[in-house]
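Consider the two complexes below, in which chain A is the common component and chain B and chain C are the respective partners.
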Partner chain A sequence: MRLSNPWYGFLLNLPGLVIVLLWVLFPAFLLVCWSFLRHDNINPVTFAGLGNYVALFEHRLFWLSFGKVAVFCVGTTALTLFGGMALALSMVKITRGSWFFRSLMILPWAVPAVVSGIIWKWMFSPDFGVISDLLIKIGLISEPLSIYGNFDLAMVGVIVADSWTRIPFMAIILLAALLSVSPELYEAAKVDGAGSLSRFASITLPLIKGPAMVGLLITTMFSFRTIDIIIPLTAGGPGRATYVFGYYIWDQIIKTLNFGVAAAAGMFLFFMTSLIAAVFVYISKRET
Partner chain B sequence: MKAKYLLFAVLLITIASAVGVAAGESTKPYEVIQWNSPKPIGERIGGSTYVLPDGWKEAVAGVKRIKVSNFGALKHDPATVQNAKKFEELTGINVQVLAWAEAPIVAKTVSIFAAKSPAVDVFCYDHPTTYTQMVAGGWLHPIDAIWNDPGAWELYAGPLKEGLKAPDGHIYGSIGQTKTMMLYYRPSIVPKPPETWVELRDMAKKATTPKVWGYVYSAGGEMDIIYPLRDMVYSQGGRIVDVERQRIVIDSPEGRNAWKMLAEMVLVDKSAPASVLEYSWMGVADLFGMGKAAMIMTHTVDANRYQDPKKAPGIQGDWAVTSPPKWDGTKPDSYHASYFDVDGYMINTFINDRQKAAAMLFVDFMRSYEASYRELIVEGNEAAVISVYDHPDASKIPVPKARQAAMKNAVLETFPPAGRMLTDVLMEYFANVIGGKMELMEGLEKCQQVLDDYAVPE
Partner chain C sequence: MIEKIFGSRALPYTTAIILLGLMMLPMYWTTVTAFKPDEETYVFPPVYFPHNPTIEPFRLLFEDYPFGSYLRNSIVVTLTTTLIVTAIGVLAGYGLSQFKFRWADTLLWILIFTRIIPPLSLLLPFYLLISWLGLVDSLASMILANIYLTYPFAVLIMKSFFDSFPRDLIDAAVVDGCSRTGALVKIVIPVSATAIASAAIITYLWTWNEFIYAFVFTSTPSAQPVTVGCFDAIGDIFVNWNQMCAGSLTAALPGIIFVFVAQRYLVRGLAAGALKF
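Now for the complex of A and B:
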């Protein structure tokens, strides 16, 4: 078969297509089907029409978790963007031994979210935690801080812990973008008398906007479905202070075994992440 | 005419073969095992050496290996490893013990069942919150046959029989080891341990200093608040599961007392920290080991690590145990009770019949005196077979008598389906009270409303 033959390309892509079909499309198809079934592992499985969706939208925890995940998503994405940007801007200035610092920078990314959750839980522990101890020693607080036992602080603690694992990814994307900006542009701006802030606003930001949007899109979508870091940190608590949407789906599958409602929730998650992606794509296209 | 006879003969042979095949299939391999032979089950598994039942060899013919899930890493479970090896020596069937991390164990189990997969033959499980759910899913193989002897039940603690009986009357679970809690205290701070919760509350107030909390309990992780609530409800003779309605009930006289006392220890007495909202039961046990609590209720097996200076550096030479407190002086001594949990085994209904036979044989062995002996003596877990505590070797483990006493009054309750979700409702509303979002009894009443409204499918 000639390389120019379109069937050749198809043949080469076939293994990948089969994998996508088996592991993505087929489960997605099952998810759609199950979302219309009464499948609670107690009663016989029957067609439920839109019953699962109605149950979902009437469930108090659904709306509660939706609100929580919105806060979590905005917080994590913002912190990741600012943290990643700060790190990338610092890295771009390092010329000697940059390989070492860049390797160091991506380490948190390599830590599994569950492990990261356990590490932060220990660091924030009011009894043995290094953070409370440090704050007491420098006189900022007089009593240990129970971050994950406090309704107002728990979400902040979870956002910090989750962002810690995501910042390196954002920093890598932004660093790559920063390195691709021609130094001549900065030199020309300097000659014209532009200060560092105006150089950042007029040159850096516009030129790294594209990659930054990709990083933002991925961070937003991933944080929208997060659960792995929340389980070891707070288990959704205290109360339901950190009960995000991913946790709600987890509960429907694992704790109530109501696969029908869980599938409907999964469909909602799919819809929301698609919507987020669409918004980002629209904004990116409009800018270009 | 000849053709007619031939046709008739073929028909006859076909029918005979079909009947034969059907008859052959009607006797499943695991039905060939005579569980009450060569001795009744109780004697066969209750002696110092386990005796295989008659017919086992024929039943498991061709089975080379079974896969069994396990709570956590095997380095922490030497008894399980030894028991698996012993089973292989006895039967020639290799036991592949799958070391699953505890946190996702239910998720993994549910995934395999939901996929109707035969990938794992035997699952370990935590009884109160999982059993009815798995039974309701239709995922378990009934094992009534291995329990078909009144003498077998006498080997174990009283609550086991009722606990293993599923709503449909069948038995789907078996026992490997048990769990219960007792009161740990620091004699340097609490010279005489409390007999009752009322006394404990008073002592906790006096014991609290800037460095040590008087009493600490867990209300943070999944399932955690259920431990202290159960202790206090059982200490008054109450129960939290309404078996008839298949509901969890906390708005009962006993539940109200428990709820009030636990909340007031934090809000009024300040003898327990507000950070109970982030403690798991493990966190509480760690806190005591580090010397930051005067009294806690925790698992009997924690006595093993508290004698280790590396694992409990803050309390060396300064810890003791006593039975769980009863509520007050008016209550009988049988109310010195905590919860009773079966760490047991259940068999996947999606495996083939020969694998089922081998799996049944394995759970039969794991509930035996011999296996229980290893659990208690080798690993320091609580033994399923109670008489193991009378063995002279039991003196080698820490506080054996106190552990046996705690087991005596422990209460086993099996939660309705979605039990884990229901305990989260308790966690949510209790946290709302501690966090100042709701008044004390308002929180309890609202919690009960949600528990009552919770849609357990009809």
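Now for the complex of A and C:
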């Protein structure tokens, strides 16, 4: 019996292929179809051509949500990269008790996103919130703060909460990259008289750039479609201050029940996600 | 001076403790609130260390809300999904990694493509599909959805582990008269137990933590999982925050346990799956 029978590998993949065809590619096909149908649960379903896309691009809320998600995405990705990098850089030198430290490090990743939203709502509670109290204690504010009730601050609060759930993943990727850098490189540089900062800039940074790009790509893509944590935290409010793009789609499906426009918006989300991926792949390819 | 600070051995521990301390604040706050009586929950400034810890919030949670049935639904959905995804994923990962066949590259690309499609985009068509099948408000609807959400990542994790599997071991088994399937069952699966565990644990957690599909597909406690149950409780006009925290803690429990018990598997699996992306 030959091991490299060309059919055997395919046979092993058959059950998975059925899943992917029925569960993923068929719904994706439906998504494309529905984006060309007028299905608003009021009028009879008819073919709409590009009507849904026109409606989408003429919708003021669509553009508003697009602007909100841009701010949200940049804020979350920046905070996640900064936090993840700081954590990874300190964790890589920790030898004693690393198991415990690492467990704490990934804990927020394992909490359901919707539960994170509930937890942060409680943390920032205007009446009994622990964050208000801590900020008062260190003298930054004088009276309790209602961050999710404040039009200007709500976005900051949402970014902090969302980054909290994303920092662990970034830290894991960066830590894995840092651990694979050979210590001899640092020793050699030390002998040559390079300082800590120049060692970081000329050895560490170039070597972890690849994995850092992957972490950035995934964080950007995933925060662009954030929805779980927004639902319990602010539901897009106050006054649409945190009405990100994911929430726009959510509203079309749950509230306005305009399935045609929801499908068109879903297509647009897929297009944006692919665009983000393409940009990152292009940058990584050009740099190497 | 800079050299002294950055070279010191205490610096990494100090920064790690400060950063992790900040990150653990929400976990700490949820945990203490879950064990507080009402009069220590609704005060400002808040009570940092409960004076009279109580399990009353947990008791009320199971009394006032159908939390027992939420938990049962979550467990059934999660175990079924994990079992199916792991079983099919092992076969697919083994096939993709160890055998050269014509459609191998295409299959791999389809899997990566699947990971790029945002789940939120497929929510509507998936809902239409579920309603055509008459599965609205059933456990089956969530099992189907979670298989879609977790399968591609599980296969990519296992493929990347099988890629580094010593090929000689399989060849030797085949020479000794083992069939290819026999080699998979007797050699590959036992040796790769940790890899399979990584994929299974991540599948388990993702399914348990899933919210938006479950929220749209289910409407009664007979099918709602614990994430939806928690959120429904917050929808009330008055939020019982200590019960809410008890519920959140219960919903986060599998995650907390796996993080401490199986941390190595989680880290390896996430890193392997991510770099395949």
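In this section, the second predicted complex is superposed on the first by the 286 of 288 C-alpha atoms of A that agree within 3 Å, B and C clash if a C-alpha of one lies under 4 Å from a C-alpha of the other, contacts with A are read in each partner's own complex, and residues count from 1 in each chain.
By definition in this document, contacts are C-beta pairs under 8 Å (C-beta built on N, C-alpha and C of every residue); 3 or more make two chains touch, one makes a residue touch a chain.
What you are looking at is a predicted structure, and each value in this text was computed from that prediction instead of being measured.
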Partner chain(s) touched by A:Val244 [first = chain B, second = chain C, both, neither]: neither
Which of chain B and chain C A:Ser196 touches, first, second, both or neither: second
Chain B versus chain C as contact partner of A:Ile42, first or second or both or neither: first
Chain B versus chain C as contact partner of A:Val69, first or second or both or neither: neither
Partner chain in contact with A:Met123 - chain B first, chain C second, else both or neither: second
Partner chain(s) touched by A:Met85 [first = chain B, second = chain C, both, neither]: neither
Which superposed partner A:Ala277 touches (first chain B, second chain C, both, neither): second
Partner chain in contact with A:Ile167 - chain B first, chain C second, else both or neither: second
Which of chain B and chain C A:Arg102 touches, first, second, both or neither: second
Per-residue touch tally on chain A - higher for chain B or for chain C: C
Footprint overlap on chain A, comparing chain B with chain C: 114, 127-128, 144, 231-232, 250, 253-254, 259
Footprint of chain A on chain B - complex, ascending: 103, 106-107, 110, 114, 133, 136-138, 220-222, 273-279, 286-287, 290, 292, 417-418, 420-421, 424, 427-429, 431-432, 434-435, 437, 456-458
Chain C contact footprint on chain A (complex, rising order): 1, 3-13, 15-17, 19-20, 23-28, 30-31, 34, 83, 86-87, 89-94, 99, 101-116, 118-123, 125, 127-130, 132-133, 136, 144, 164, 167, 169, 172-173, 176, 195-197, 211, 214-215, 217-218, 221, 225, 227-228, 231-232, 246, 249-250, 253-254, 259, 262-263, 266-267, 269-270, 273-274, 277
Contact footprint of chain B on chain A as seen in their complex: 40-43, 114, 126-128, 144, 146-151, 231-232, 234-241, 250-251, 253-257, 259
Interface residues, chain C side, partner chain A - complex: 2-3, 6-7, 9, 11-13, 15-16, 19-20, 23-27, 29-30, 33, 41-46, 48, 88-89, 91-92, 94-96, 98-104, 107, 110-111, 114, 116-129, 144, 147-148, 151-152, 155, 170-171, 174, 179-180, 205, 208-212, 215-216, 227, 230-231, 234, 241, 244-245, 248, 251-252, 254-256, 258-260, 263, 266-267, 270-271, 274-275, 277
